[in-house]
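Below are two complexes that have chain A in common, paired first with chain B and then with chain C.
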Partner chain A sequence: MSLSEHDIVLFLSSVAVMLFFSRAIGEFLKKFKQPIVLGEILAGIILGPTIFGVLFPGIMNNFLSYTGAVNIAFQGITLLAVVMLLLVSGLEVDLSLVTRQGKVASLISLMGVLFPFAVGFGVAWFFPNELGISAKENHLIFALFVGTALSITALPVVARTLMDLNIFKTEIGFLIIASAMLNDLVGWIIFSVILAMMKGNSSGLEFSSTMLMLGVFIVVTLFFVRRVFNYILPKFEKITTYPGGILNLILVLGFAGAAFSEWIGVHAIFGAFIVGIAIGDSAHLKEETREIIQQFVTNIFAPLFFVSIGLRVNFIQNFDLGIVLIFIALAFVGKVVGCGLGAYWGGMNKEDSLAIGFGMNSRGAMEIVLGTLAFQAGLIQEKVFVALVIMALVTSLSSAPAMGYFLKRSKKKLNFKDLLRKDLILFSDADTKEVLIKELCDFAASKNKLNKEKVYEEVWKREQQFSTGLANHLAIPHARLKIQSPLVVTAISRGGLDFDSLDGKIAHVITLLLTPETEPELQLKLLADITKNFHLPDTAKELCVSANSDEVISKIKQLS
Partner chain B sequence: MSLSEHDIVLFLSSVAVMLFFSRAIGEFLKKFKQPIVLGEILAGIILGPTIFGVLFPGIMNNFLSYTGAVNIAFQGITLLAVVMLLLVSGLEVDLSLVTRQGKVASLISLMGVLFPFAVGFGVAWFFPNELGISAKENHLIFALFVGTALSITALPVVARTLMDLNIFKTEIGFLIIASAMLNDLVGWIIFSVILAMMKGNSSGLEFSSTMLMLGVFIVVTLFFVRRVFNYILPKFEKITTYPGGILNLILVLGFAGAAFSEWIGVHAIFGAFIVGIAIGDSAHLKEETREIIQQFVTNIFAPLFFVSIGLRVNFIQNFDLGIVLIFIALAFVGKVVGCGLGAYWGGMNKEDSLAIGFGMNSRGAMEIVLGTLAFQAGLIQEKVFVALVIMALVTSLSSAPAMGYFLKRSKKKLNFKDLLRKDLILFSDADTKEVLIKELCDFAASKNKLNKEKVYEEVWKREQQFSTGLANHLAIPHARLKIQSPLVVTAISRGGLDFDSLDGKIAHVITLLLTPETEPELQLKLLADITKNFHLPDTAKELCVSANSDEVISKIKQLS
Partner chain C sequence: MAFKKIGLAVTFSPNSRALLFEAKRFSELFNTELVLIHIGDFTDELKNEMIKMIKETGLKEDSYKLLWRDGDVEDSILEFCSTEKIDLLIAGALIKENFLKYYIGSVARTLMREAPCSVLLLTQPSIERAPFKKVCVSVDFTSLSELAAKKAYEISSLLNSKELFFIREFQLPALATTVYDSGSKEEAQSMRHVWLDEEKSKMELFVRELNLPGAEIKTICLYGKQGWEASNWVNENKGDLFVIPSPARKPKLLDRIFQHDWEFVFRQLPCSLLIVKPDDDSL
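And now, the complex of A and B:
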């Protein structure tokens, strides 16, 4: 059997149409700050049996609803797509970050897996019908699946949300990312076990052998392969063509891992994910290499997978409000309470704990991948699949606003010292106020991906109204901007410079304060707090003799 | 029908094995300066029926020799791979370069298509059996195909060869590239016509309609789509996510073009190629965007296609020495004589004409793609296919050494004025000899991808032996390096600087002369030639009042 000319036309034009629609809708939604993956799924729902299938049944029978050879070719592509997608997701996991965040991250992710799992398993065990179990499904496996489905967190969506909120590189951001990583790892392991249980002996291996080999695979990959890869990478790059050699190696390992995990009876994507983690952890892996793989996979292959989800199922016919609402409710309760409690027990305040709970609540693409696999494996029926997809979208979309709300409440207690970061300290030789402010604005803009002209415009406008040079060698240029959280960048001028200060002294410490325009009171509070730290006449001068940013920070933290 | 678990294991592990072997062999051959594509093809021959199939017939029957679903899935992947490969090849074509090179390029590519085509057609027409026609093939179409197969040039291989010889950005380099581009375009158009002729009415369209639509497609894409794309690109990038949006757009257009050309009865890859040309021509297309597509396609997808070639056929069983030798002989005669005559008639000397002829002789990947399509379409039998693949490899591998040989003979006549280029002129404010020489070396290194430390080390070593400051405000620092062709970079110092010159005057024109270490006489000759141009005392000073590099060049060209 082979692809006929007609098949080729169908196949290529479907790929073009799917890519086009997914992007067009995705870019449109992005204007409203929605993730692109939402557009990709909507494109599938629109192009598939739900909408186009009803409006143009004639076209749909010929186009995008494949049978025979085109269907198989398409399965091949979506298989490669989802394997590469999980490989890329694995690349983003940084195990050392998890270790560094230590206890609190472990508590959050442990609670973030256990609690939703328990909630899901319990509800599915006692009320299977309300959750849409079908007669032919195994009760235990169904309950295990629901538990797992609720305990998944989508790392890429979480990362995007943190970036949108400008807190990706803050302590709370690192904590959430680390927890989500660990959470993902544990969640996928549980899911693999369930899939293997369900398949029984169909892969030719006993369940116990599958588990044994799964364990060996995880340990070997994460401990042995990870170190070997990190060790050989620089040598490998020397003897091969860059970036071709390393791109090739990453995909060879990814596909090999995928094939192996499929062979032992666990889904292929799990192997790709674990291999991705092992590879991505290497400090020698260049940003450019990640970029090439990530851009190509997320922009070209992932959309084909996500669009194909909408093509499988009629989302209107299989929409069951009851099941959808139950899944959404369980999802929120499970994650927000679970992760929130973990964070609270880890010593965080109530607002931050809730923010973390909502941050970890995003199910995004990972839940949809999991749902698709479960649906294909016959583990769940259409209605549950639709409910999972909708739950994934609702949890992801609500994450950023809810987090923002609780962080804002928590931020009221923010002070200057909390906002200090080593990479936000700058030693400057500028000898005029204008040059220094320009430097600070450029630096701040580069740190938070802001428009540097805009930042400078606002800060300079304020500066011209009345100089921000205060007493005791301190100046605090400031502005309110369209940002989500305050940003404080500090320049140390060892030589000092004229800042038209109130006491006529030259300025040695110049702190640029950027706050959200919606929060005037936060700006005033921080201005007062920074000034308070410099109430002694020589504090600023003493900072000038610091050797590096670390020393500056530690000196400021000791101020009273 | 769908992919079973066993199919998935087979599919993914084959992809991993194919990528691994193709790369490993490719990187190994690269140490011997052979193109990576050779390794990819050899990997297929080794893994396929030719070697592994004979050594391990048991394994081969289960692995890499697919039937049923895996076969179809694999066809889907290689189809996408070859479509993307031609899209990328199209991106590399720069139509404006062809126009700029004008008459000579047109002569070379016209002769480079017509002459080999005539030779191939004639021989295949009168001696079809010697060329391996099978009884069931149409005599006319076979002769047309052989003509086309001989007239193909592989742009990517040509470009690589020119880079290896360090003449990519010289006039002769541009000329060869421009000719190869035009040649490719014309060759693929002819091949599409032949495929359409052969298919007859199988695509549902009359041959005349196919031709009409093909013409309309080419004209609309190259004139209309090209301009519209170039016009909207900057606006498009503003409203979409970078680089996701543009990556997506390029692939959507590529796949749509491919689907369209397949639909009108011309192979899909032709549409992708033409769309690639239209897109790649845009001055607004960022290098980074090209890079992401190109790296991913050439390193991940193209290998799958090239490996799959070796999997199709037993290269030993189907090796017919007579046919192979005839094809190789015809290929050399056709291209070297055709392009050589074109260049000679265009006014080039004999050595350069022969160099161009051998430069254009590379058939590389393009010939293999063409042969594969013809083989799949039943246009040629295994023996001819094998002969074409071998001919493609032989012509590609012999191209660089042969070109190098004739260029070296031709270079003996090289003088200073021939080596001047606008982008090799530098205006410098350096005020010491050492800084200026460092600047010149860095500049030269960046132009020819040399190691700047190494260049500086050699030049400075020479400079310390005895100053290269000559009379009449001229200095010529120089060194012999491991390069293939001489490089002359000229700095204009309007202020002048002390160079310990023979006549005690300050230096205004400082020309850095780098020549191949194997040709000491060339260095002497060029040193003398440069000095001769500055035999009048004020020539160098007059160059200082030039407004820009263009003016410098035109003034030097007028010197006698």
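And now, the complex of A and C:
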């Protein structure tokens, strides 16, 4: 079978329409801070049988409804898209980060897989009809699939959420990323086993042989291919043009891995994912290369895949509120409780544990990929597929606000503005820096039940080493103490005090910073943060005309 | 003083003479006791050979202590470090071990990972003094890296090193995936710049807070895999001594398989390496 001229026109114009609409709707939604993938799926729903097919059935039948050779061409291109999507996902999985983050990350990710898996498997096993099982004979596989579907976390959405909340580069951010990476790996391994179980021996291999070869493939790729790639990469880059050479090599290895895993009876995406991990681990792989390949795949191929989802299914006809609500409820319970417990057992406080639970709850594109593959394999029916897509979107959209809410309640304040409190602002008439520092220390100690002599001793000891007077009328006396969380007390000196500042100016804003002695980096981070807030020459002077503490806080919070 | 008691793991290998000269120089420089440790068969002939080698360095009999034992090399050295309260162990090390030795662990690599005290690994020990002209310190803002920075400063002052570099490296794993949702490579790049600036200002404050008089410290911030980036920088910039805080926990085989942080350095030493452990009165 080959493509006729008419088929080629149809195929290419369809690709153009899909790319145009996905980008247009994605860009529109981005203005409302919504993920682009939502636009891509919406584009498919609009162009597919859900809306366009109802409004213009004639055009739909001739244009975006594929049969014969065009259909095969589309199957090929969406397969390429999903294989590349998993390849680039694998590139970002850094297993060393998991080993580095240690026990807490392992607890979070294992609980983030095991608990939702158990919840999903249990509910699907005992109430298969309520979850929309398609055929009784697939009962076990269906229950395994539901468990897996609930245990997936989407690393790209997690990373994006952390970036939006400005906690990417924090202890909690690293923990979530590391946990999501391990979670991804375990989730995809389980899903591959399920797909292999479904395929039975259609690949020509017994299930046990498939599993054996899968194990060998994982070990060889992660232990040997990874090292070989790392060894040859710098040499390869020297003899090829950049970025063409390296992109080619990544795709060659990715497709080869995908072909091999398909051959042994596991879906092609798994091979691409594992090869991606092996490649991404290389210290020689440039960040720019990662970004180029991410752009290449996610702006060209991924939209075609996500639009094609909406083209396949009528989302209105197959919308079953009961199934949708059950999946959403199971998703929240499974991840938030599972990961939250993992974090709590790992020693995090309740608020941080919940923030981690919600952070790990976003399913995003990975869930949709998983649902699509299960749908294509006949493992789930349309209603379940629609429910999974909606669940993926709801969990992704709710992740950032829920995380933000719990992080605000967390005791671990990480920036100057969050540490400000009305009752920790004072207006001082002290005439020397020693008197003022004593006043600040006494004030801080009384408000936080600390030993005031000890606080003063440490702060003054540090002050005597060399002055903490900075530029722009700011001084930050500071010390590390045996305290649990950082503390900031700010004094406003309208008359100003000589603090031997770097620029020779008198200090009007004097902020006492006390941090836990076990966290030296936090002290530097807060010192840098306070300094950044007062980078303009007159900010401190302007605070002096404030009538009260509320006004001081309000003005500081407006600083950029 | 940076160290109080120096130990040297000495053998009859070609580098031993040079290592003895180095150990003597360091013990004089730091004004410390010197303990020489040899693990292997004991015979009068070997002992005489050892004494002869020691005498060639100019070490006087009362200026060192020689410990000799037959047994497991790594375990015995580690035990002597503890019982003798050695706070700096000096040993020779190859820049790179072969594949198998790296995973199984050579003597030098085991000492790097498991010594209870600070370890100085000399890749090119020399009979003539070859001072560390360029000393580089990896900074991760922990209390231990403060100690490492202070020790590096002391050493560079004593050795009149020309340059002292503080290197900070950081990486945001999975940052590249955010270009998917934003569709913007520029955003990821600009975030990296913001974070880099933040690290730079933290580095300035770190140096300021250490209050090291008279030192002209240059700070370097690198984006990339921790351990690998700094090691690479030291190698490319021809550093003579790389000072790092010891790993927070004892590295295991898994850390060697999925290398991170100092395992990149241990795999291939960029130059001589000083691994700083917390000492009793430091933290």
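Here, the second predicted complex is superposed on the first by the 407 of 560 C-alpha atoms of A that agree within 3 Å, B and C clash if a C-alpha of one lies under 4 Å from a C-alpha of the other, contacts with A are read in each partner's own complex, and residues count from 1 in each chain.
Quick note on the criterion: a residue touches a chain if its C-beta (ideal position, glycine included) is under 8 Å from a C-beta of that chain, and two chains touch if they have at least 3 such contacts.
The shown structure was predicted, so the numbers you read here are calculated from the model rather than taken from an experiment.
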Does the superposition put A:Leu95 against chain B (first), chain C (second), both, or neither? second
I'd like to know which partner A:Glu457 touches here: chain B for first, chain C for second, both or neither. neither
Tell me which partner A:Asp503 touches in the superposition: chain B (first), chain C (second), both or neither. neither
For A:Thr298, is the partner it touches chain B (first), chain C (second), both, or none of the two (neither)? both
Which partner does A:Val37 contact after superposing on A: first (chain B), second (chain C), both, neither? second
If you stack the two complexes on chain A, which partner ends up touching A:Glu551: first (chain B), second (chain C), both, or neither? neither
Between chain B (first) and chain C (second), which, if any, makes contact with A:Lys525: first, second, both or neither? second
First, second, both or neither for A:Asp423, with chain B first and chain C second: neither
Pick one for A:Glu434: touches chain B only (first), chain C only (second), both, or neither. neither
Both chain B and chain C contact which residues of chain A? 30, 36, 291-292, 295, 298-299
Could you pull out which chain A residues touch chain C in their complex? 26, 30, 35-37, 88-89, 91-92, 94-100, 102, 155-160, 163, 168-169, 174, 177-178, 180-181, 223, 281, 283, 287, 290-292, 294-295, 298-299, 302, 465-466, 517-518, 520-521, 523-525, 527-528, 531-532
Residues of chain B that touch chain A when the two form their complex: 1-3, 5, 8-9, 11-13, 15-16, 19-20, 23, 27, 30, 36, 68-69, 71-77, 79-80, 83, 199, 202-203, 239-241, 243-245, 247-249, 251-253, 255-256, 258-259, 262-263, 268, 291-293, 295-296, 298-300, 303
Inside the complex, what are the residues of chain C that reach chain A? 140-143, 146, 170, 172-183, 185, 188, 191-192, 195, 198, 201-202, 205-206, 209, 211, 223-225, 228, 249, 254-255, 257-261, 264
